[in-house]
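Listed after this line are the structures, all set down as structure tokens.
Both of the next two complexes hold subunit A, though its partner changes from subunit B to subunit C.
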Partner chain A sequence: MTTPAPTAAPAPAESTPRRRSRRLAGAGAVVRRRLLVAVPILAATSAGMFALGAASPIDPAQQYAGAAAFTTTEENLAQIRANWGVDDPLPVQYLRWVGNLLQGDLGWSTSRHEPVTSVLAARAGWTLLLVGAALALVLVASLLLGTLAAYRRGGWFDRALRATAYAVQSMPVFWIGLAAIALFALTLGWLPAGGLTDITATGTDPADVARHLILPVGVLAVAQLPWFVLFIRDAVADSLRDDHVLAARARGLPGRTVLFGHALRTALLPFLTLVGTHLPELIGGAVLVETVFSLPGLGAVTVQAALGSDFPLLAATTLATTVVVLAANLGTDLAYAAADPRVRLDD
Partner chain B sequence: MTDLALPVRLRRSKPRTGRVGAAAAWAVLVGAGLACLLAPVLWPLDESAVDLARTRLAPSWAHPAGTDDLGRDVAHRSLYGLRVSLLVGAVAALVATVIGGLVGAVAGTLGGWVDRVLMRVVDTMAALPHLLLGIFIVAMLRPSLGAVILSIGLTHWLSTARIVRSELLSLRTRPFIDAAISGGASRTRVITRHLLPHVLPRLALATTLMVPHAVWHETALSFLGLGLPPHLASIGNMINDGQRSLLTGAWWASIVPGLLLVVVTLALAALTGRWRDRLDPRVRAELNL
Partner chain C sequence: MGTRVSKRVTAVAVAVAGVLALTACSSPTTTSTGAGDGGTLVVATAGEPDALNPVLNYGVDGGSLIFDGLVARDARNELVPALARELPTVSADGRTITAKLREGVLFHDGSPFTAQDVVFTYQAVLDPKVDSTLRSDLDMLASVTAPDPSTVVFTLKYAYAPFPQRLALGIVPAKALTGQDINKAEFNRKPVGTGPYRVTSWTPGDRLVLAANDGYWGGRPANGGVVVAFVADDNVRAQRTRAGEFDAAELAPKLAVGFDGQAGYRVQRVPTADYRGVMLPMGNPVTADLAVRQALNAAVDRAAMVTGLLGGAGEPAFGPVPPTSEFAEPSIVGKPAADPAAATAALDAAGWKPGPDGIRVRDGRQAAFALMYPATDSLRKELALAVTADAKKVGIKITPEGLTWDAITPRMKSDALVMGYGTPYDPDFVSYKLFGSAFAGQGFFNPGGYRSPVVDRALQEGRASADPAARKAAYATFQKQLATDMPWVFLTYLQHTYVVKDGLAGVTPRVEPHEHDVANSLWWNIHTWTRKS
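What follows is the complex of A and B.
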């Protein structure tokens, strides 16, 4: 947790080397403490998921055998159960599962018939690329649009932008994706409707992949944009009324300098927190976007695992996402502390 | 506000557009509600009747929104789908409110370590992608109506728990509670006569605010094939089915049901936003439609 120091007097620019080193000295302790908190969180999440998986009516042995389950003998199924220890007491099974996780063995995916680790390794990169590119687009677009809207707040651009943002907020991301496919891929024929490469392509040519990613990245970004645009717009509109901005105006600084150098700068800090809290939404959006555009990412494979009741793969993707989100939250807190001299990392 | 002699008159800006927008939102909601309720009377077709002679017809007078790949009228089926989606969303929001209300009430009244543990759980769950969590729950319980409602209820109760807890914490320190207790009111009386009437409006508001989110969640699950049974006309199922037609150029089968959902949930969100602003001016939303 980062807390503003109680004596948060309007800090003069404190960037003397000594001050900064003292502020960042707390960072190591914070990282250590966060890691300590992350352990019970991950334990609770994994235990909750395991309990749900155990309560589920699905027999993992039949799951593993697939269509062959109808023809294999009862002895074979019993052998699979015995091999996997499915009939052991639940705590034993849970501890064995966690022990395997810690050793890097994430289990065997029953829907894809390969180790979970190789599924993750093959697909995580594409999801990171999709989410990362969409996040970058969201940041740039929301900073630009939000600042412009705040500068002339109440004007036609501001009103149009806000109305659009509220409308987009209530549009499901997969619906936006389908509409984009109908318009840009089928009617206009500008961009491919799905997939990562052309059907005829043999490898993953960067230009080909980029062309296939324009629509998914754009759709994911547009669906997340409203929250960020509205936030920046309000934050900049507020900080335009701050004393230091008025003082800069009074000193006769040009409008652009005041807007981007003074008003936007103070509005940026809380924005970092928004990025951290919105990451789960972005990941949820990626699951849907990957499904709509048939991308070979983690999201699409999660859905396939869910459709096939593939517990090991589902649990692995959910846990991996949890780790990523926790790490990102820590990252935003550290960035916040590094950027704002009034914030100290010693709670 | 009348007994406070404020030196400056607080002006509540009420732009004209706000009232026009609210009227439009009411019109949409009432219209959609009536259409959903009266659809079986006014338009008594079987919404799942397959007619392979008229598949993927473009919008026309006979079929205002065209037909899908099984020859079902999209406009007609969308109305039935909206009914199902809103109903599932409302029930799921209610389940989430009950869970969140109970957790919030326990945390807010007991306090101490119970409160700390419960709120830590809430914080943890809030940090997880709730769509992934919902997918996990549905997958483990096998997709069905009950699983969908449970999945939404178990992932959407966090904000309600926070609201109820903070409301109770602030109520506990208020003078009228002290007065009631020192006046000899029993614990039950304090809870039923003094605490509940203050918490209930918040709870009602939280439930209504959650309905659009519950509907979106149900739509997303159904779209992924993890939601309601495929034959049931729900908006998510229709968008999912429409994907097959989309690639052959029949965009209406997916886009029209989604558009109906967007318009209705937008109107619902706008009106509940106004309600919240009236109930709690401090957290005034920007949604001045």
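What follows is the complex of A and C.
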């Protein structure tokens, strides 16, 4: 990645830390306030999950029995429901769940047959790795491609990029995944078609895992890229006509510095918001990518939990997602404050 | 300004470079594909067990690779002794079953197998605190005791001839589970059995790694181990099979067709006892009319369903006992193709006259009814649509409705439903509840409320009688009566399709039940498979 030469920096370097720390002065209070707000949000989310569960007509015991449900007596199923306490009144179930949660016990997953904590422990890491790597790739690729397209607006690169972006945006992510497998795994034979490691591997060797993650991360990134690329392209194209950019050009600064240091900089601010709001969509895409590439992440179990009325697990994954989204929003706001001198946190 | 941007951009670039470095260093330190190393075989399937514990319904009909039952099933699904030294003996009144145990058998952890383990396993199934749906299948079992360390005695509440078939249930070690909550025991993920393979690791959603049990009582496995890959999506499994990752994989029939004639692979189509049919409820005035049921039975084109919907992986069905079963009554045959002439004749004779819109009418009532199917099951949907089209040709109007099970359940008494069932092991297993009048209207058991004293008597005699000839006669009576009354229109038996790599020796397909994942699939005897190369 190209970066502007430090010599072209107009602001004195030594003043930077001081100014930034002043700008983030209210950060502690903001974090505390957000945490206070997060508690009722999380309580409402989890209560909502349980209310939905009560309204769901799905019988978790029948779901658990699977095909055996057709040969299992009603008495047998009732006994299993009683063992789980899923026929108890909703407030009782909810209070029991909250009580256990406060003791650090997330409950028992009826669809996975293991404690919810061990489901999360075994799987959340892979989902986070997938989402994190894809997000990083999306950020870098969209900043680079979008800025270059904006620089020569209307040129062949810009037109090709936009056409591709619209085409990719219209493709379902699982389709991109299957196409990528067909091309890179079957036709070219460069990369494995799925799984987390080689099928006969005995452990999770990082290099092996990395090789298996190239396609899933790439597919997830490509599927999410169009939004970000088009956004950056428009924003940079707009800001290239802003006064401060024109002024920088007039001062005779090198084109690269103007493009990345001035135009892109202004365009970055709304981009941060876009990242925050698109995070849930990225997680949603990860669910599909995990299915296509047979990765043992949280995606498949969340679907399974929803189908099986497994509320302890659903509540946990929902809460985890809510926490991530809240944290992303907080991060976005803090980043805004750091990047834009006009934004104050202590209002 | 430029400095800060540059720093931030650099930070992002470094972070990304790190991620890319992590993903990009593709040095193939481990082996490239599954085949060819250490004698490990790799198989792939869609179905993944919830828990690897026979008490919690893992591989209850045997073939579980990790566990053994007192009895096992051979390639023709006939019972052979396993942990029992010989086939269990049944007392004259049919209520006491005695099994003599094999001596010197060890569990994977080295502890000896004794009668106490058998008693513990069956008592665990019967314990109401244990979340086992198997309890419904063992409701005839009164008690199980161990008079000495190598004898187990089962006492039944009533004479039940197929009971030895229930002894294929895998035996768990009492020592590993006593005093624990079986529903939540660590054992369910790291099981200990007596079978040909012990569990090395299980990553749910990814794979189960099994290593050969060198001290297996039945002889050391012919290969070093087995990896079962869990790939839920059909297309993905087909792609990974094509990439050469699996020695054997279960594929949907239409995807398996692509491997026909492809060098290096062969397609195995395995017959099953799993049938699909239309349940016609007696609580609906149209479907309760025998002429309508007969007309439907004649109007459906089963041959077209097999070739068109199943990709050839199936065969026409005319009753609930599969043709591969020794209990199948040879006179129960029909025409695989549609017979519209017979259908219209039946309707004409019963007074159903074509109305102005082509739909037949009798006494002001149209020959019309709703046909439900579970919306998520694409095969049942296609079958429902095919039946609808076939019925229309003879003047019966069917309205297909794709629904969820909770929407289907309350309507089963009065609306037709595409259903599927079937087990290859004993005709009593499913049919007793599915067609017995005592179970009419009880959930999924006899949802259409079919009642026939002849069928009731035959089913009762079939389960109570110890004499194989008498049982066979009883089930012949049952099948004939069912073909007369037609409470169901049976459509097709399914075949399970597998793609197997060339060079595998020992693959022995046997008739499969509906449920097949790690257990009871094509690889039920994988411990005898070898790779020729």
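In the analysis below, the second predicted complex is superposed on the first by the 287 of 347 C-alpha atoms of A that agree within 3 Å, B and C clash if a C-alpha of one lies under 4 Å from a C-alpha of the other, contacts with A are read in each partner's own complex, and residues count from 1 in each chain.
Just so we're on the same page, a contact is a pair of C-beta atoms (placed from the backbone, for glycine too) under 8 Å apart; a residue touches a chain by one contact, two chains touch by 3 or more.
Because the structure is predicted, anything quoted here is derived from the model rather than measured.
Colleague: Any idea whether subunit B or subunit C touches more of subunit A?
Modeller: Partner touching more subunit A residues in the overlay: C.
Colleague: When the two structures are overlaid on chain A, which partner does A:L52 contact: first (subunit B), second (subunit C), both, or neither?
Modeller: After superposition on chain A, A:L52 lies in contact with subunit B alone.
Colleague: Answer with first, second, both or neither: which of subunit B and subunit C does A:A306 touch in the superposed model?
Modeller: Touch partner of A:A306: subunit B, not subunit C.
Colleague: Thinking of the overlay built on chain A, is A:A167 touched by subunit B (first), by subunit C (second), by both, or by neither?
Modeller: first
Colleague: Applying the touch criterion given at the start, work out whether A:A193 contacts subunit B, subunit C, both or neither, answering first, second, both or neither.
Modeller: both
Colleague: Look at A:E114 in the shared chain and tell me whether it touches subunit B only, subunit C only, both, or neither; answer first, second, both or neither.
Modeller: Only subunit C; A:E114 stays clear of subunit B.
Colleague: Check whether A:R265 is in contact with subunit B, with subunit C, with both or with neither, and answer first, second, both or neither.
Modeller: second
Colleague: Just to be sure I read the superposition right, which of the two partners does A:L274 touch: subunit B = first, subunit C = second, or both, or neither?
Modeller: It touches nothing on subunit B or subunit C.
Colleague: Is A:N76 contacted by the first partner subunit B, the second partner subunit C, both or neither?
Modeller: Once the two structures are laid over each other on A, A:N76 reaches subunit C alone.
Colleague: Where does A:A124 make contact in the superposed view: on subunit B (first), on subunit C (second), on both, or on neither?
Modeller: In the superposition, A:A124 touches no partner, neither subunit B nor subunit C.
Colleague: Across the two complexes, what residues of subunit A are contacted by subunit B and by subunit C?
Modeller: 57-58, 178, 181-182, 186, 193, 291-292.
Colleague: Using the touch rule from the top, collect the residues of subunit C that touch subunit A in their complex.
Modeller: Against subunit A, the touching part of subunit C is residues 1-6, 8-10, 12-13, 15-16, 19-20, 22-34, 37-38, 40, 42, 50-51, 56-57, 128-129, 131, 133-137, 139, 183-184, 188-189, 200, 203-207, 209, 227, 229-233, 235-236, 239-240, 242-243, 245-246, 404-407, 421, 429-430, 433, 442-444, 514-515.
Colleague: Can you list the subunit A residues touching subunit C in their complex?
Modeller: 1, 3-4, 6, 8-11, 13, 16, 20, 57-59, 62, 64-74, 76-77, 79-80, 83-84, 108, 111-115, 122-123, 132-133, 136-137, 139-140, 143, 178, 181-182, 185-186, 189, 192-202, 205-208, 210-211, 213-214, 217, 257, 260-262, 264-265, 291-297, 300-301, 339
Colleague: Going by the contact rule at the top, pick out the subunit B residues touching subunit A in the complex.
Modeller: 121, 124, 127-133, 135-142, 212, 216, 219-220, 223-226, 239, 242-243, 246-247, 249, 251, 254-255, 258, 261-262, 265-266, 269-270, 286-287, 289
Colleague: Which stretch or stretches of subunit A touch subunit B in the complex?
Modeller: Those in contact with subunit B are residues 41, 44-45, 49, 52-53, 55-58, 162, 166-167, 169-172, 174-175, 178-179, 181-182, 186, 193, 230, 234, 280-281, 283-284, 287-288, 291-292, 302-303, 305-307, 309, 311, 314-315, 317-318, 321-322, 325-326, 329.
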